[in-house]
Structure formats: structure tokens, C-alpha cells
Amino acid sequence: MDFAPSPRAQALLDRLTTFMERHVYPNERAYAEQIAASGDRHHRPQIVETLKQRAREEGLWNLFLPDPRHGPGLTNAEYAPLAGMMGRVVWASEVFNCSAPDTGNMEILAQFGTPAQQERWLRPLLEGRIRSGFSMTEPTAPGSDPTQLQTRAVRSGDGWVLTGRKWFTTGAMHASVFLVVAVSDPEAPRHRRVSLLLVPADAPGVRIVRSVPVLGHISSPGECEVAFEDVRVPAADLLGREGEGFAVAQARLGPGRIHHCMRAVGMADRAVELMARRAATRQVVGGPLAEKQMIQDFIARSRIEVEAARFLVLHAAWTMDTAGKKEAWPAISMAKVLAAQTACRVVDRAIQVHGGLGVTDDVPLAAMWRYARILRIGDGADEVHKAKLAEHELRRWR
Amino acid sequence: MDFAPSPRAQALLDRLTTFMERHVYPNERAYAEQIAASGDRHHRPQIVETLKQRAREEGLWNLFLPDPRHGPGLTNAEYAPLAGMMGRVVWASEVFNCSAPDTGNMEILAQFGTPAQQERWLRPLLEGRIRSGFSMTEPTAPGSDPTQLQTRAVRSGDGWVLTGRKWFTTGAMHASVFLVVAVSDPEAPRHRRVSLLLVPADAPGVRIVRSVPVLGHISSPGECEVAFEDVRVPAADLLGREGEGFAVAQARLGPGRIHHCMRAVGMADRAVELMARRAATRQVVGGPLAEKQMIQDFIARSRIEVEAARFLVLHAAWTMDTAGKKEAWPAISMAKVLAAQTACRVVDRAIQVHGGLGVTDDVPLAAMWRYARILRIGDGADEVHKAKLAEHELRRWR
Amino acid sequence: MDFAPSPRAQALLDRLTTFMERHVYPNERAYAEQIAASGDRHHRPQIVETLKQRAREEGLWNLFLPDPRHGPGLTNAEYAPLAGMMGRVVWASEVFNCSAPDTGNMEILAQFGTPAQQERWLRPLLEGRIRSGFSMTEPTAPGSDPTQLQTRAVRSGDGWVLTGRKWFTTGAMHASVFLVVAVSDPEAPRHRRVSLLLVPADAPGVRIVRSVPVLGHISSPGECEVAFEDVRVPAADLLGREGEGFAVAQARLGPGRIHHCMRAVGMADRAVELMARRAATRQVVGGPLAEKQMIQDFIARSRIEVEAARFLVLHAAWTMDTAGKKEAWPAISMAKVLAAQTACRVVDRAIQVHGGLGVTDDVPLAAMWRYARILRIGDGADEVHKAKLAEHELRRWR
Amino acid sequence: MDFAPSPRAQALLDRLTTFMERHVYPNERAYAEQIAASGDRHHRPQIVETLKQRAREEGLWNLFLPDPRHGPGLTNAEYAPLAGMMGRVVWASEVFNCSAPDTGNMEILAQFGTPAQQERWLRPLLEGRIRSGFSMTEPTAPGSDPTQLQTRAVRSGDGWVLTGRKWFTTGAMHASVFLVVAVSDPEAPRHRRVSLLLVPADAPGVRIVRSVPVLGHISSPGECEVAFEDVRVPAADLLGREGEGFAVAQARLGPGRIHHCMRAVGMADRAVELMARRAATRQVVGGPLAEKQMIQDFIARSRIEVEAARFLVLHAAWTMDTAGKKEAWPAISMAKVLAAQTACRVVDRAIQVHGGLGVTDDVPLAAMWRYARILRIGDGADEVHKAKLAEHELRRWR
């Protein structure tokens, strides 16, 4: 039993903390202003590119990849506090080339990609030169039921013709390539029905229908609806084996979920800081907000909830490392449900402590809240995870 | 003890229900599309003007005003279910000339305005020809502490010179006139310090600094930061007496709060409907969502909470009618806290039931959530109301 | 829309309030001491008999019965605030001959009893000379599924032989008669299977197995396990018609549930008072508890929740009066779920405000908490009501 | 970062698990029956003595003491899962001589006791031959404010005369000695005012006034009100130095709190098991309870909350081991608040899943609930801990 990070994790955390303090927090306003100044809500602010350059130079790069060929090769438990630190600013993960959906895409390209696929897509992703999208969800198919997917990949010559419409393709506005989950054999058994295809964003027939406003907001890289209309995909662009699309997609889900959880914990941790700072300085009738016990109650409960969620997430990461991604699923599901709900609750309290200011984009809370709220739905809604966890618990005692 | 609406309230409710079904719900998409098509997030969609015309013709107009000279002269308890019905669509109140902040502004113009002021501003407001803003909140002054207001009205000749910066001036983008709360005598006792001035939006020195993005969203009429820079205000544009700005502002607060509560209940009621409709039609593994007890739990708890909030709001309205606005404050505070929290919780569940769709603007839930979330801060944060209610309760038993 | 009680309800409420203040609250300690002194936890304290006598003399008697032949004939909406007032002390309802299960038993005896049955059982119950039990629940049959009842009434001669074991027969220790639900025809369709029999407590074969400790406590009249072993029941002791046991039992359920809700609201109301009184007098570091905002938060939230639950209960009572017991079921279910949960939450906070004292029987909070906690299970668990309410809501929108 | 217990902790845990399965769970009913059969609610059931004998023989004894002279000398982090295992049955800790208040008393006797005091009291306590009480709380003094203590120790000869009345002296019915906190110098500065005296239970003037019913229940060893009336205490019975009573009492608080937390987590863990077992076997309309999602929701949320609380408690134990008891206070406070609330919530759900059975003493849930509920008040109420935690958090960011 030891709660201390490993020495190399601690060393990286110290450097990352310094980087955040020197370069990221001071640029939060610049980030917002560069987007606002561009007049384009999908604008990629220059500050991100500048900071990426610097982070790469400092070796704070690709920290997420357990594969030691492509980075420091940290365990999930080692990476967890680092991802938490990055999560304190919603857009900071990209600075360290550790942002979704690229992280998950790199993981499966590294694990399942052919040398040619890795050369074409993995290498520039690892270098932060391009970004990518992951296209699975469809408007009419719940994520929990793959048998309802409509997007079809029909054999044609030695390749495929892809047709369908995807939704919530994160980062699509800036992506160079999409990893698309499509039904390749509707007659096959339930879990052998789909394949995963690599589709360049500029392939004929690929069309970004719209950037879907999420909770009233169009975020920079966009949550997009993407149409694939008779897109020709060569056989060489199949990622993994035919019919194994789910197995491949699954391989990115566990780490992906837990990365989101780590960020959510970091975000909630930052929200407690912002709450405390605001309370200490805001004067109301009778003194600073910090002296009001209702606010103290917010702060104390939030701190308790953040620490509890943190340890549940760390435990899930450690379980992935020691028992394997597959065996770790209940730990991951528990962490996912708690981290997202905790972040929602804590950020909500931070908004309340900030009063009117809290709902504006002058503070990062509204953006955090959006991230956390979506997390309660994405990667499996809370209810789906809870039903599976209950089943698991019931099996234990039968 | 009688929970049935009065016959005329019931008759108006029936007509309003029909109007919503025929003209408002079917145009929710048109409303969104007209704004999107304009490329301007502050665009006033034509559909609103069209529907206003029709509502006025049908006599569904100015229902909020208890003053029988300017409308049907309903009691608050009679108006409550009507406001609830309008609240089912976030932008619908304007269709019936019953939207904030115009409602509150009309109330105090009717009560405190000189004939000239009423002729110039009240009449076009009552006719729905212009809109207005209410400028009280400032970035550095909590709403709960008026002594911290910075905006100054300095005597000059027989008028005033107004200087200051206001925040959260709802509807400022489309307003023809601002009702501005300003310190007219900083040496006076606490509640005699401020006056209320009528300032045309096109007066020299009035400048809309920016439309403040609220929860990531810039709503159509805008929550604006407005600068008043050496604005000359003639003596005739003082609303109410000098030094009585708070008394006048107060007179619009009670009804204003309770109108928001009514709308919040209506909004939550609609969210239960949307939740139930979605659950009935969405297929997941094992059947429709409606058969999943976790969703049934959402629906049942939401219905219970909505009805409880509804009665608390109705009771507050009835108390205003029978005991007076002033005496009704504890009932209003209770209703305000519960209605806003209920709407937040219920809409949040409705979002969850809709999955990914729920966070998009393809359904009205995200917009409802914003309205409800802001309500927990505006018109006095929950915590301020609760502290006052506790004090009141403690006095009862001492 | 009118929230004021009727004049006669108000008059009775005033008199009842005075009675509580003069005779009940001052005797709470005597009640506890008389039980303690007797050394018998099922002891009936003399003070109850004394107060019953007085209440009857004052005409504060049988207020619950809508039937004007047996009391003032109040509507449910009129009775609700009176039951709430009685509920402020857990044992006070009996003082006014308004306590469960006698109330429900009197209702069905009045509605379904033969003249002979009314003479033998209803009259002494109305006069408060005897008490009664209601035996439906069985250890292995969930209340929600009558088809699992095991207790059998087998035809024998022109009467019945009753065999089975019942549980949670409230008040059995002091009962003179049991109303027993038994399967009279196991082959009949689901809702025609059971009959209701009147069984004297001293009939051969009736045995009180034990008083079941509930939440660690053996309350005065007892929640008992009762065995019926070859008990001969004459045909004349069938209450209602053969096979209609459920219909008869159902007729007492609606009012029974709502009476419990009214008491739960009164109890919670008292808990707010106790909380406020304690906060005002208890000194902690830095002043009285009342000045601590965490306590103010408890008080304010509790008051809001109590009022919301109160109106939901009143509305259910009014719906029973205006639409009928049967049509009112959704309103009753909603009230039942909310009132019980509210009472649990509010009493729990009152305990917390009292610190160590709060968990002792020196204050009435622990007894209240037991009542409220059981209410979340009895008369249909929260979950059963919620599932039915959701179904009802889903039907509305299909 | 390592969540696995140390090898010796794991070995002890395995043996303890076996002991619980073979000897404790099968005797839960015997324990209840032996108390019931005795007719004395304070009866010490023989089964406890039998099991103590066996546990001592197996070396599962005094596991709580970090001091290696008196047991295995486990760290707090090592002991935590063991205490959790014991906590699965509310009376099981005593079997292993690991129950409060003896544990804390042994800790301070070992740390501050003179050789003579250790010979007289520590040795028989370590051997499980006697039990002890800790008398600090008084009816009129909040635990959080020691300056309000009334019990006085007045110098007389070279000893003291002790006078006062204590409350919530756990285990007093069976105690051979009381550790009494008394004001020895009312003029001294705030934290030098009190001393700790060892008072034999049979000393003249010691009188157990009553066993205070807690949540309606008189537990076996009793929560007692104890009067000390002119009790003569020789100088040699002062524990620690004069005026240092708080420092000594404090030394038992940290570990005491965290032991309670560990047990609370174990208790909640057992409640999840009981909930799952009941759900799997109970048939309701439409199948077993386990298939109802509302019950699944209970189970899944409970499991998540238990694991989160578990890690927070483990972290606090680890912090005590690595940073010291004093530095660990925020971690302990956080664990204390969360563990008690979690146990309350989870046990409450388990009660609900059991329906009527859940509130009876036929299942151990009501007893667990009492333990957990009291824990939210004892050792510092939640609110006191939260206020301190908020202050701590606010200091971090100032």
C-alpha cells in the first residue's frame, strides 16, 4: 500500500506543474481572445501551436502512451496524475499531444496498424503535425447497442465503398483522417459485424455536415456530424482485421475512458482552487465570502469528493496496469461514473460561488462544466455503466 | 382550499394551450433556423414578430399585468399557470409580450411613471413595439449588497450626468431604453442612496461593450455589458423619486422572481414530457428506454418534483395576491430556490435520457438548462435567499 | 385557487393547536416516563387515556372520518391540516381517536360492515374503547404482489378455517380484533382470490408470536408477527363479499396513505421548529449555532421541503375529495413518496443539529425518524410507487 | 503507487476472513438470541467470550496497536483492511480485542501511562479481561468547545476530588475503569485547563445514572450517563501530566476516528453484499428484485461509493503512517465525513431493498445504521470537520 507516485512520475509531475504555471494558466485569456479575434469559432489559436513546440522541446510529449517506443512509456498509474494536471485547463492536453481523440487513435494505430499505416498516420500524429477523428456514434444508434449501426462498408473490388452518417465525431473540423466504424457484414454474429477503416478527411465523398452546437457552444475543434457518401476505401486502409472493428475500438475505450476521468479530476481540482480563491477575495455583506459557512460547505464537500474520485481513478489505472485493461473494466466503470458526476457537481458549486461571473466565459468554469456534463453521456452513459456494475456485483454473491 | 384555477384563468389557459400547440411548438425549429441563417447570433427571428401579431389579435397579450387598465388584470395566482405554459418554450413569453425584463419595467413604469414617461416608454412597450433593458448589476458589486454599486448619477444643472459600467443587462442588444440604477447620493443612508433613471439606448455616451457569453452561449437578445460614459439625463427622466431607486427596483423584484419561477416550472414540465416521449420511442438493448427502471425513476422523481415546485410557486403567487407583495417574500424566496433547482435537476435528467442528442441544440433542453442555471444566481443567489429564510424561521420560534 | 382552509377546518385547527399546546407537548416527557416506569415496553401510558377523555369531551374526536354519521364529516382537504397538527407528536393521533390502523379499519367497517359487525366492532372503535389490527403483510409475500399471499381461509361448514402467519400487524399488542386478509379461493383470477375476515384477538388459535423490533425499537402498541392456527371464523365475520378482500383493503389504502403523509408533514414541520429552537439556544465556539450558515442551510432547505411536501399532500387530499379516491391515486402516490422522504431528510437534519442529544430518546426525533423511515417502505415502497407513476406519465404522452 | 496490501497484512486478512466466515457470521443469530434470552439488554452474550478465546489463540488479537511490544505492530494502512473486515459485523471488533473505546484507551495507556498504571489497567485490557470507558462529553458542552466542560477535579491533599456528569460514555455498563476528562485549572489558558484521570468504576461516588437509549435502542455495552459525585482520585491516577488532558485525549482521537471509518467502510461493504443477496432471491411481480434497474442503481451506486470511501480511508491511514498523526488531520477529517455518510446512505438503501424485513432486527442493517448515524455526530460532527477543512483549503490558495 503506497499512495506516493513513482520517482519518475513525480519528476514529470513537477516539470508539468511548472510548465502549467509558467505557460498555460497565463495564456488562458490569450487562447480565448485569439479565437474571439478570428471571428471563427473553429479557429485554432496560435498559442496552442507555440506551446506545443515548447512542450515537445521539454520532453513533455506523448506522455499518455504506455508503449515505450513512442514516449516515456509510463504506466497508467504514472500517467494519471499528469493527465490530471493537464486537465486543469480544458484545452491543455493538446499542448502535450495528449488530447482525445488523437490519444486513442494513436494507441490503436500503434497496436493494430500496418507499417504503412503507421508511417502515414501514426508518425505525424505522434509528432503533433496532424489531428484525427473517431467516427463511431450515429444519430439513431445508441452507443450501447452496436447492432443498430447503419453505416455500411460494402465490398467493391479489393476495397470498400463506405456510406453512412456519423455524429459526435470529436475534432472533425481539424482532422486529417477519420477512423470510421462501419458494418462490413450485416449477416455476421453480433460482434463480428463491423470493421474499422482509415478514411482521409479529403477523400471524395467525405463531408462535414455541421459542427453540432453542444450545450449551446461550438467548441474549437468541433463535435461534428460527418457524412460519408460512396467513399472508396482501399483494402490497405482497413485497421485491424475485417469483422474485428469492435475489438479494435474496444482497445481504445478503456484507456480513453480513464484518461477522461483523470482530466475530469484535474478539472474539479482546479474548480476547488478557483472556488477558494474567489471566496477569499469576494466581499459581500458581512465580510468575504470565505467566511460564510455555506461557501465553506461547498469547498469542503468538493475537496472530499475530488479526493475520493481521484483515488478511485488512480485505483482503476493501477488495476489496468496490474490486472490488464480487460479485467479492469469494473474499476474503470466505477471511476468513470464517479469522476464525471464529481466534476459536474464541483464545477457547478464553483459557478455558484462566482455568481454572475461564474456563468460567463470570463472564467473557465462553463467550459469545464460542458466537458464534465458530456462525460456523463459519452463513452457509455452513467446508467449503462451502473447496470453492468450491478450485474457484476450480483454475480459475486450468487 | 381549492386548487382549481378561476374560470377566466382556465379559459385563458385553454386558449394559450391551443396557441402553443398550433403556433409555437411547430415553430421551434424555424426559430433556430432563422437565427442560424442570419449568421448573427443576436438576430431577432421574424417568426417572433409574426407570432406576436397573432397573439395580440387573439388577446393573449400583456397577461402578466395585474393592473386592469393595461390588460386583463389577472391576479398573480391566475397568471401563474399561464406563465408556466409560456415557459415551456424558452422564447415564447415574448410572443405574448410577457417576457423579462420588459414585464418588470412595464410594471414600474405603470406604477411610478409620470404621464410623459408612460406616454414615451410604457405605451410602446405595452404594444410590443419596443423592448427595454434593466441595468442594476455591476461586475464588482454583488446584487445582495447595494452599498457597493459604483455607477454614479451626479447632479448637473437640473439633470444628471451618469457614469458607470453595468453587467447582465438582459436584452440590451434590442433595447430602446435602459432603466439604470445609479448612486445619486453616496452620503445618504444605505437605502436612500440610489435613484432610477430612464436612459434612451441611443443617448450619447451609452455603449454596449459586449454581449457576455453565458454558459458558452450568446443568446438572441443578449446578456450585455453596457458602459454609460458621461451620459446626460434630464431631470424629467428620473423614474420615481430621488433616492428611492431601491424601493422602485424592489417593486419589480417580487413579481419578476415569481414570473421566472412560473416559467421554470413550465420548462421543467416540458422536460418531463420530452423525457417521456424520448423514452417511449428510443430503442436500446432489450427494448425501449421506457422499460428501463432507471429511466422510470428519472421520470417519476421529476414529475413529483415538478408538481411540488408548482404548488410552492402557486402558493407564493396566491400569497402575493392575498397578503401583498411585501409580506409574501418568504413564500417567494422559497418558490424561487425550489423552482430553479427543480428545473436544473429535471432538465439535467431529460438531457441524460436523450443521450448525445440531449446536449445538442437540436432539442430545447440545453437552452432550458441555461435559463434554469442562471436563475439559481440571478434575482438573489440561492444562498442569499436561504440565509434570509433561516433568519425568518429562527425569529418565528424565538 | 385558494390555499386557505375552510372556516370550520380553521376553527378546528385553532382548537387542536391549543389542545396540543396545553395538553400534549407538556406531556411528552410523562408519556416516555410512564412507559419507562412500567418496565414494559408495550405498556399503554395512562396519560393517553386521560387525554383521550379530554379530547372526546372537547369534540376533537374521529375527525378523520368523512362519513358525517360518525363525526364532523370533514373532507380530506379539511382533515389534512388537522392530521398534520396531530403528527407533530408521534403518539398524539390516538388521543383524538385518529390513529392507524384503527382509522382505516373504521373506514371500511363503516363502508362495508353489516349492522351486526358495526355494532360489535365499529361502535367501540369509534368510542375509543378498543383498538384493532390489520393483518395483510406476510414475511414471504411482498405487499406489491398479492398473488404470493400464503394465509388461507378454507371453507368449513358455513364458516372458514383460517391458517397463516402475518407480519407487521401494527398495534397487535393492544388489539381486540384483527382484520385479516386471506386467500379464500386460490384458483380464482388474481384479484378475486382473497377475502377479509374479522377475527377476535382472543379467538382460539390466534397467537402473537412476537413484537418485531423495528429499527432497534419495540414501540408501545407493537409491530407484531401474528400466527393464525386453525382459527374458526363464522360466516358472519366476513367483511365485504367473498373474493373482494382486495377491493375492501384498497378502500382503506388511499386515505390511509394520505393520513400518514399528513402526519409525516406535521412531524417534519415540528422537526424544523425543534431545529430552530435548538440552534437559537445552543452555544458553540463563536456564538449560537443559529449564526452558523451550515445550520441556516439545514433550516432553510428543510422549511422549503416541508412546504413543498405539504402542498403536494394537500393537493392529493383535495383530488380525493373532488375526483374520487380511485382517480386520485397518482396524486396520492406522489405525496406519499415525497412526504416520507422529506420527513426522513428533515428529521435527520434536526438530529444533526441536536448533536449527541439528537440520537437519544430525550428528544422526539429518533421516534419521528423511525416513523418516517418505515413510511418509505410501508403502504408500498417508494420504488413501487415510482414505477407506477412513471408508467402513468409515459401513457400521458404516448 | 501501489494499492496492494503488504504481504503480512494480506496474510492476516486472509486468516481474519476465514475466521469471520467460520465463527462470526454463523453466530450473528446466536448473539441476538443470547441477549434476548437473558431478558437484559445489557447482557454480554457468552458467544463473544467464546470467540475472544479462539481469536486470541489464533493470534488475531490486538491488531490495532501500532506499538510492536503489544501485538503484531501493524501500520495504520496495514490495519485498515483488517478493521474493515471486523466492521462487517457490528459487534465483531470486540472478539479481536479491537473495539472502541478500549482501543483508544489502550493506546494512551501505552503511550502516557506510568508502569503502575500499565500494570493495573493496560495489561488486563490487552488481555481482554476487562473493559473500559472514556468520559469526555457532557450534556451541556459541545465536543467542539472544551472550554464549556463543567466536570471539575479539585485539588485535595495530594490527590483530587472529581465532580461532574458525563454523557455518551460508551461501554460504561461493562467498564472496570473510566478515563475521565476534567477541568483541573479553570484559570489556565484554554488548552491547559483539563487533566485526565483514571477512575475505577467501583470507586465511591461513581454512579451510572442511566443507559441512554440511542435511536430507540439500548445497545449491549451501553451509551451511559455517568455521575461522578465527590470521587476521590489519588495523585497516582493522573494519566499524563496535569493540564495536558487535551493533548492526551487528542492522541487517541486520530486513530480512533480512522478505526471507526474503517469499520464503517466494512459495514457498508457488507450492506452491499446483503443488498445483492436479497435482490437475487426476492421474487416480486415480474421476476427477482435483482432484475429491477432501480435496485441495480442502488447496488451500483453503493459499490462505487463504498470503494471511493475505502480509498479515502486507506489514504488517511497511509498519511498517518508516513506524515504523522498530526499532519494527517485533513486526510482523517475527509475520511471521517465521507465514510460515515457513505455508510448511512448505503445501509439505508440495503434496508429499502429488504422492505419490511430491513427495518427489523432479524437482519443486521438497523444496528449498522445506528452505528453509522452516530458516527456523523461523534468524534466531531460533520459540520465541524467541514468548517475546518474549508479553512485549510482556503489557506492553501491565499
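Residue numbering begins at 1 within each chain, and the chains themselves are lettered A, B, C and D in the order written.
The rule we apply is simple: contacts are C-beta pairs under 8 Å (C-beta built on N, C-alpha and C of every residue); 3 or more make two chains touch, one makes a residue touch a chain.
Quantities reported herein were computed from a predicted structural model and do not represent experimental measurements.
For chain B, the chain with the farthest CA centroid is D.
Comparing chain pairs A-C and A-D, the larger number of C-beta contacts belongs to A-D.
The centroid of the Cα atoms in chain C and the matching centroid in chain D are 36 Å apart.
Once the centre of each chain is set as its mean CA position, chain A and chain C turn out to be 53 Å apart. Chain D has its Cα centroid 43 Å from the Cα centroid of chain A. Counting partner chains per residue, chain D has residues 292-297, 383, 386-387 touching two or more of them.
Listing the residues of chain D that touch chain C in their complex gives 137, 139, 142-145, 148, 167-168, 212-217, 282-285, 292, 294-295, 351-352, 355-362, 366-367, 369-370, 373-374, 376-378, 381-383, 386-387.
For chain D in complex with chain A, the residues that touch the partner chain are 1-6, 9, 77-78, 272-273, 276-277, 279-280, 290, 293, 295-297, 299-301, 303-304, 307-309, 311-312, 314-315, 318-319, 322, 334, 337-338, 383, 385-387, 389-391, 393-394, 396-398.
On the side of chain B, the complex with chain D involves touching residues 292-297.
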